[in-house]
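Structures follow.
The following pair of complexes shares a single chain, chain A, combined with chain B in the former and chain C in the latter.
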Partner chain A sequence: MAETALTNNVEPLARPEGWRGIAADWSSDQRAFKNVSWGKAMMWIFLLSDTFIFSCFLLSYMTTRMSTTVPWPNPSEVFALTIGDKKIPLILIAIMTFILISSSGTMAMAVNFGYRRDRAKTAALMLATAAFGATFVGMQAFEWTKLIMEGVRPWGNPWGAAQFGSSFFMITGFHGTHVTIGVIFLIAIARKVLRGDFDVERRGFFTSRKGHYEIVEITGLYWHFVDLVWVFIFALFYLW
Partner chain B sequence: MTNVAVHLEAQQHSLQAHAHDALASATTHTKGQQHPIKLYLVVWGWLFVLSTCSYLVDYFGLHGYLRWSLILLFMVLKAGLIVAVFMHMAWERLALAYAILLPPVLVLVFVAIMVFESDYTHLLRVVFFAPTA
Partner chain C sequence: MVDVPFDTVAGVPPAEVGEVELYHPRSWWTKYVFSQDAKVIAVQYSITAMSIGMVALVLSWLMRLQLGFPGTFSFIDANQYLQFITMHGMIMVIYLLTALFLGGFGNYLIPLMVGARDMVFPYVNMLSYWVYLLAVVVLAATFFVPGGPTGAGWTLYPPQAILSGTPGQDWGIIFMLASLILFIIGFTMGGLNYVVTVLQARTRGMTLMRLPLTVWGIFTATVMALLAFPALFVASVMLLLDRLLGTSFFMPTLVEMGTLTKYGGGSPILFQHLFWFFGHPEVYIVALPAFGIISDLISVHARKNIFGYRMMVWAIVAIGALSFVVWAHHMYVSGMHPYFGFFFATTTLIIAIPTAIKVYNWVLTLWRGDIHLTIPMLFALAFIITFVNGGLTGLFLGNVVVDVPLSDTMFVVAHFHMVMGIAPIMAVFGGIYHWYPKVTGRMLNEALGRFHFWVSFLGAYAVFFPMHYLGLLGMPRRYHDIGETSFIPASAHDLNAFMSVAALIVGFAQLVFLFNLIWSLFKGKEAGGNPWGAASLEWQTPETPPGHGNWGKELPIVYRWAYDYSVPGAIRDFVPQNEPPAGLSAQGSHP
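Moving on to the complex of A and B:
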């Protein structure tokens, strides 16, 4: 079948901004997200749903912590490490925080180099991000091991309220799972970048859609979200 | 269409000109997300500073409302920087920004409900299940 020729070569009308822009974009049965591809829009919507999941975890933690009559274990002491002869509060968590922030920085730059079609730098920065992420998960495994050795269980611990363990394992475990999936995601996309898939618009094996450098930005959205969740966990679980 | 736009943007982009007006206004730009590396480095630096500050709140053992407000302030600032700059929300159209950012704000209603809930649960526990010593 012959392709229909496009006769309308005129520049599209400028879209309204501000509140009028919201009404105009969402109205009349049209595509609401005008300048965002379906892939990016769906990643955002997925992240929104993930936000609700983590909100529920943090809320249940808040509720148990506020309603228990037993004193809550002091995170500052529970997560302290003895380095040399000095006991430093929360030091491991602080280092983990800095590692995750650094990984966000390298990821943001990877997106930038992706759009410039700099294959080597994009892949290198993505792999650096993945390495930071793997380090983070490793430190979390160390933290879990330490706490389990000290007798923390989902049903109790030596220092106070029994719900401390269940909240801790649930929240950090779910976050760690997200980081792990992110590392796998990053490595998979970095491999495609290195191979030059996005320069020749090679089709994905699963979706059969043409690959574009935008996927680096979408991967980045996921990764920054993982960092974002850690910001809340750090503040609400470890520092509270 | 979008893919075409994404590709065009990568080629025909003047970074410096973009840096200022991108920061100045959160307008649409069909050219996509290309921002100067320096901006990311500055945000990165700020995230380090804010994290250090929130760690120091714990290190110096601040307590009470001062601790709470500082921790929450640093948390919100960090979250804002990540979403606005790293996730490029500052440069998206409002239709997307509101669709994604408003629903999590409504979670605060849920928080308020659960604060009441745990308050009276705690009260009942203290009144009826306090260990008699």
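Moving on to the complex of A and C:
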């Protein structure tokens, strides 16, 4: 119960490579994933569980889309914007996707600078990621507003199957909630980085545990996952 | 059995992980109420689960009163009967058994059995309990909302679940779905803790293949729950949207009370797929921890090592994996392509293989063992009997041609009560009688315990064994009053009355059990640290009940598996997991 040691200090051990190494790790004591901290393991397992949630949402959407007898609205027309007399299909979604993918890049850089203990750059890049995320959510709000103005409701729309609106609001809403939670986390962690919490091992307000720069990477795992999910939503909802 | 662990220094592997920072409570509130200690959280989970379970028990009395003596009790009408069925099933399966096995037994036993000071994220673990409590409160609130709780059946099938003919359509169904969503959120927080603790926070020398089977059962069940509950989460969200916003995910075009509803184009079968993709693994989420607990009880109380430990572990893992590809055997009567029926019947029957391995290994562990008929052992034996009974009728129902005529009869009710009602609850009772001395430091009263066992076991058989026969006669389930029918003889009604009386007596025995729990807390015999002479790590704590941080100054070092009983040449008839082999000092040569 000593207060000094950490959960992450790893003594290097000579271990076999490849599959033999995996077998050796799983048959060893203490940890099945060597060099993986508790927090990171927990995030990976949570993401696996969350994958099942999004898979169920998307499979349900695909099932209702295939089983409904009313024609499905054409996404390239519904999600088109008129810019200077020209109707450009999926332009808003393309920009949103580009922004979200870019945010993965800034997140990856933030993780790198975090491990270099570069507080200013880490925090700046995390805030940039959060700004990208907030922009994404903002554009999603714009898209929702536009569709609602055009008469799309969860229970019906002017162009065809009611399930179009239901699935759209449910899936993008659930994904947007994930992005929003990510933005809040990014801002909170960026504040801690900037304040130097991880250098002085300041204790967390709720958990009263010492923080480490690894939390930047764990937040990054979540963020990349949310981006990856968006790629699937983009492909299955907008491009199908 | 001392096998050589991976790269050791004189039998002891070096510590890879430093000591964990524990949260130290400073006040009574943070020590006993908002506690981050897994042991306190376990007790909180258990008390909450058993309290709401008592509600479900009373509901089962009311149902049995109605079935046994139809027309006698004017305060039970058809709607209420449906509400009782729904709430009884939902509470027992999810809020009692799942919460008690994973939140109760899991929280208490995992850190102690793997040699950890606590769960890896105690704060998240604490949140898990409070969200679970909130889910239970929301669930209990449905009894007091206008229209009462939902009467949709515990499977909540749409379209009927949200249409006006079903009781509880106004508020009950909304509260029910909200409560399920909360439960899943709370469970996920706890479940992540259990999985990471087993994988990443074991003590020195504790390999996965030295874990007691209880931990294997709870661990595998938790992994399954983390992958299966998402389907229920999604189904609940979508059904809630159908009810609240008028979406039509699950609702086809239909006419209700002569008028066309606002719904149209949805797929009710989709809900069934989502529900049973959760629902079937749920059966094993409840059964696997029971398997693990029973393995440990049998080994300890027969003073013999568990037979075929590795096969037991792989059987648990195989059952867990297979249970994800059998869900549609609950949907034979919904109609499906014959090839799908063939596929799901085949996978269902394949599960019988690892399950049979487990049953044979339990019996072979008992074979020539030094069997002590203690109360935990009695419950373990009762578990094997009821589980085999329910498992065999499961083979009947797994086949499409047999399932279709039997599906809507009492035979199904008898089957699943045997296999996932009585059997797991026998494991729960056995586990409580076994570990109560560790939790409280006192033994449960022996005489009351034996009374409780015999009444519960024989009584449960008196309730559910005749039910198979009623099902084969064609007596339908879900009916609140059979009335006069040509194919059900008058004697069947007498049998129903007999079962109802038996059910009341079994219920009374549970009150004796609750009294025993409270009475023994103050007046029970002092237990000492290891009253059963068990080898696994939780019995080797320096204090009983285990103190804050479980292990005192030094974490234990594990040298062997958890089943060294009656080892030839050993001084005692058990060798604790942390006892070093001959020729090695107590802490090894590697500090």
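A few remarks follow.
Convention: the second predicted complex is superposed on the first by the 224 of 240 C-alpha atoms of A that agree within 3 Å, B and C clash if a C-alpha of one lies under 4 Å from a C-alpha of the other, contacts with A are read in each partner's own complex, and residues count from 1 in each chain.
Note that in this section contacts are C-beta pairs under 8 Å (C-beta built on N, C-alpha and C of every residue); 3 or more make two chains touch, one makes a residue touch a chain.
What you see is a predicted model, and the numbers here were worked out from it, not measured in a lab.
With both structures placed on the common chain, the touch criterion links A:Met170 to chain C but leaves chain B unconnected. In the superposition on chain A, contact of A:Ser27 is made with chain C only, not with chain B.
When the two complexes are overlaid on their common chain A, residue A:Leu48 makes contact with chain B and with chain C alike.
Contact with chain C, but none with chain B, is seen for A:Phe57 once the two complexes are overlaid on the shared chain.
When the shared chain is aligned, chain B comes close enough to touch A:His212, but chain C does not. Residue contacts after overlaying the shared chain place A:Phe142 against neither chain B nor chain C. In the superposition on chain A, A:Val36 makes contact with both chain B and chain C.
When the two structures are aligned on the shared chain, A:Ala161 is found in touch with chain C, with no touch to chain B. When both complexes are aligned on chain A by C-alpha atoms, chain A residues 26, 32-34, 36-37, 41, 45, 48, 52, 55, 63-64, 67-69, 210 touch chain B in the first and chain C in the second.
Contacts from chain B toward chain A in the complex involve residues 2-3, 5-7, 9-10, 27-30, 32-35, 37, 40-41, 43-44, 47-48, 51, 54-55, 57-59, 61, 67, 71-72, 74-75, 78-79, 82-83, 85-88, 92-96, 98-100, 103-104, 107, 110-111, 114-115, 117-119, 121-122, 125-126, 129-130. In the complex of the two chains, the chain A residues touching chain C come out as 1-7, 9-11, 13-14, 24, 26-34, 36-39, 41-42, 45-46, 48-50, 52-53, 55-57, 60, 63-64, 67-70, 154-155, 161-163, 165-167, 170, 174, 206-210.
By the touch rule above, chain C contacts chain A in their complex via residues 5-7, 13-23, 117, 120-123, 188, 191-193, 195-196, 199-210, 226-227, 229-231, 233-235, 237-238, 241, 245-249, 262, 264-267, 270, 274, 277, 549, 553, 558. Per the touch definition, chain A reaches chain B in the complex via residues 15, 17-19, 21-22, 25-26, 32-37, 41, 44-45, 47-48, 51-52, 55, 59, 62-64, 66-69, 76, 89-90, 94, 97-98, 101-102, 104-105, 107-109, 111-112, 115-117, 210, 212-214, 217, 220-221, 224-225, 227-228, 231-232, 234-236, 238-240.
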